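Let me begin by handing over the structure; questions about it come next.
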Amino acid sequence: MSLFIDVSILILVALMAVAVVNTKNLLHVVIFSSVFSLLCALLYLLMAAPDVALTEASIGACVTTCFLLSALKYLKDIDVRAKIDLPALIVCSSLCALLCYASMDFHGYGDQAAITNLGAVDYYKNNYGKDTGLLSIVNAILASYRGFDTFGETLVIFLAGMSISLIFETKVLKK
Amino acid sequence: MIKNLVILEMLLPILIGVSHIVNRRAHLVYLVTCITNVVVCVAAVFICIHVFQSGDMHYYFGGWLPPAGIEFKITKFNSVITCLISVISTATFLHGKNVMFDEIDISKINSFCGVFLICLAGFIGVLLTNDFFNLYVFIEISSLASYSLISISKDKSSIKAAFCYLIIGSIAATFILIGIAYIYSASGTLNIDDFISKLPNIQESNSVRIGYCLILVGILIKSGLFPLHTWLVDSYKSTNSFIVPFLNGTSSKIYIFLAINLTYLIFGIHYSFHHLNISFIFGAMGAMAIIMCSLAALYQSNLRNMLIFSTVSQIGYTFVALGLGSKASAVAAIMFLFGNILAKSSLFMLASNIYLNRRSYDMSKLHNLKSHMPIVVVLFAINGASIAGVPLTIGFSAKISLIIELIKKDMWVMLAIVLCSSLVAILYIWKFMETFLYSKAGSINDSKRKDGFGVYSERELYFPLSIIAFLTGANLICGVFFNRFAEFLNNLIL
Amino acid sequence: MFEHFPYMLCLFVAIVGIYGIAVNGNYFKKLISLGVLQAGVIMFFIAIAKNKDASAPIMDCLSFEECEKVVANPLPHVLMLTAIVVGVATLSVGLSLIIRIKQEYKTVEDKELQKE
Amino acid sequence: MNNKILITIARLIFPCIIALGFYIQINGNNAPGGGFQAGVVMASAFILICLVFGSNFMSKILTVYKLKVFAASGVFLYGATGLLCMLFGSEFLNYTAIENSFFSKQTLGIALIEWGVGITVFSVFTLGYYMFSTNGGKEKNV
């Protein structure tokens, strides 16, 4: 039953993705991308990933939509809709078929005997409490086991801030 | 103690780069960045010596052992490349004081130097890391930093080039991420050594094969191989000339290192050349790169465009050497890598100095350079010779070892391509050498030249030229002692 | 075949993102399609991490043996927190570049920008 | 934008959002939350102020330079915590070195990390929105 719910939400998300890509008016594209992010957040919640759902909802829906809407002030709304581009369609569908064929080797969706559940994850499950004293395993991995990844990611955010201020301040008015 | 040096080499540029936001005095920021670069260079050399004496070094972040935590693995190969990257970044910074203050306005220099240092730390991270997802994070750090570095220049088309580079770079990084997803789901681990030990029993599965191809495609896009090189040409053509030697020496060359690492060290020669035949891909794209871009370089009248197209054709040589699938061909590819990093970065530095003197890259304005800047012309000749493959330089020894490999594998068509393209390389280098040496009748002679609107004569550029002379000297030393250099490279890859 | 269906849908969303980047001439829509591509990849990772009727990887006590429960694989969740934030960082840098392009070139269409 | 309704609502909501942000930050150890989500929630509070009261009012509270210094201090806090662990003789980012009686096992180091991330995310997203809405500080609308 839960597989059926996940698949139905996934189909909804896929339809919304097609809508985001094919809409003509830019304002509609921004609204659709916000709805797309919200549906993704719901999907992650159903797939037992509340941390990722909270992040996707807050970053994907809230901040990205604020940035896009405030950037729309500079761009005019109407854009000509691209007619169906056949070569691109063929290449993309063949790539999709190739990737889907390769994903047949995966463990089934939700299969607990998957190889990804052995190895490092067993180590995390057995001594997250002894090592870090946190209840949430995700935050234990995020902060201490793979803390260097999070440091790199903080750097990415810092770089985004610096790049925005570098790119915008062209002719800074001397006060 | 040496283990903490690895972290110093990695963390010092980040913390100093972050702290540049606070102080606004441009000259102080420039000085501090130069010192940081020199310290990183010295640390890299120490680590390199230590690794050569006592074998590989492992650094476990947070004290967690590999399958659980993230690990840095410093082998001979990546410690030597780290030394080279930090030498190039130090040389760019020490040489580029006039160029930087000329091209970038004062208010942006402190953020520029901050982003530059974080970009350097990102490149060092890409080289040293031994964890797939950490590799993706550092690729993202270094490319996000290079998008904003490229977008700063007086020419407005650099903004458009930076945006195209952002879109193509993000697609490449997302391909690498999908590849990591396939490899993670097939092997269950993110650690590279762990994956190598698990590879034999999951070789047959499709997801490892597709994951390998996706990561390889992402790396090829980022390294600027021929059909996927448009972002590289546009962004180097329009960006400020301070950053081009650094990016040419590091950004595309690091992804060539990743390609060598992926095909020869992680997946091994047997898997990549017998299970899936990538020698055809490398050979075909490399050959196209050599033909198309050497001819394109021939028709350029702009000095910098010529250098950019010759860089793309040099990348083609490296991938032709990589496509042959034997250890000796990998050594030839690394030799091309060394030669291109040293010679091409100094050529771009020379071009920026010529721009300082003549205020243009166009051939019509570069006549009779020998009377004003004799040293620049001599250095241009030596480095051009290394690119074209004239004896006593790294370029020559790389071409010779490639030709030997081609003859061994009796690929006569490829041999013909390599030979005639090195002839074309000599032609387009000589075309610019000729304009430097002889003054055209109608060209502006020195009496009428308007000195003074920011034109630098050679007397003011002695210090930058000594930096370039140091790089050229390294190039010559490695070229002259060819056999010791080849044997040194041989034991890089065990 | 049916239990691999979620993976295929996630990959379909990623491919729709790539198709959007290739087809749309407007730089703004290219950037949003890039966001769709990255969202597709994040879904793909989270689909790998799912276990049958698993709950969130947040435990009730400090040792796994005492409060045993079927838990989703926490590692891809951590990776995807990083991937989401990287996607937003790239999007905001791309957006600032688009605004500068609009101010310098007065247009954001690919065809008109190629002419220069 | 001196619309009375919006201003009164904004005055009411702002402290609640900030409180929610702090809750997510502090409760990150035992519930879904942490540095990134808390930083974004607090940034959305300041985006609300920028929308309702105009960016002039906003630039009085948090100028661009202050936001940049906040972002730099967040990353510095992260790096300094890692270096602190190295000073006590263990590897980079190994928080067992800075264990404390009040905080159980590694929670002191993890709390410092999360605060560093929260500050950086908050200041970068607020700076980003301010830059987008006022075109880099040049068009300060009301």
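Which chain is which? They are A, B, C and D, in the order written, and residues in each are numbered from 1.
Definition applied: contacts are C-beta pairs under 8 Å (C-beta built on N, C-alpha and C of every residue); 3 or more make two chains touch, one makes a residue touch a chain.
None of the values given here were measured: they were computed from a predicted structure.
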Any chain in contact with subunit A as well as subunit D: B, C
Of all other chains, the one whose Cα centre sits farthest from subunit B: D
Result of counting contacting C-beta pairs for A-C and B-D, higher pair: A-C
For subunit B paired with subunit D, centre-to-centre distance based on mean C-alpha positions, whole Å: 37
Euclidean distance of C-alpha centroids - subunit A vs subunit C, Å: 3
Mean-CA-position distance for subunit D and subunit C (Å): 23
Distance from subunit B to subunit A - Cα centre to Cα centre, in angstrom: 31
Residue numbers of subunit B (touch at least two other chains): 14, 18, 21, 61-62, 133, 137, 140, 144, 147-148, 151, 159, 178, 184-185, 190
Residues of subunit A engaged with two or more neighbouring chains: 50-51, 55, 59, 63, 67, 71, 74, 99, 103-104, 106, 114, 116-117, 120, 124, 130, 133, 135-136, 138, 142, 144, 146-150, 152-153, 155-160, 162-165, 167-170, 172
Residue numbers of subunit C (touch at least two other chains): 14, 18, 48, 56, 58, 75-76, 79, 81-82, 85-86, 89-90, 92-93, 95-100
Chain contact topology (line, ring, star, complete or other): complete
Contacting residues of subunit A [partner subunit B, same complex]: 98-99, 101-107, 114-120, 123-124, 144-149, 152-153, 155-156, 158-160, 162-163, 165-167, 169, 172
Interface residues, subunit D side, partner subunit A - complex: 24, 28-37, 40-41, 43-44, 47, 64, 67-68, 71-72, 74-75, 78-79, 82, 92-93, 95-96, 104-107, 109-110, 113-114, 116-117, 120-121, 123-125, 127-129, 131-133, 135-138
Contact footprint of subunit A on subunit B as seen in their complex: 14, 18, 21, 61-62, 64, 67-70, 107-108, 111-112, 114-115, 118, 121-122, 125, 133-134, 137-138, 140-141, 144-145, 147-148, 151-152, 159, 178, 182, 184-191, 194, 205-207, 209-210
Contact footprint of subunit C on subunit D as seen in their complex: 30-32, 36, 121, 128, 131-132, 135
Subunit B-facing residues of subunit D, complex: 68-69, 71-72, 75-76, 79, 82-83, 86, 90-96
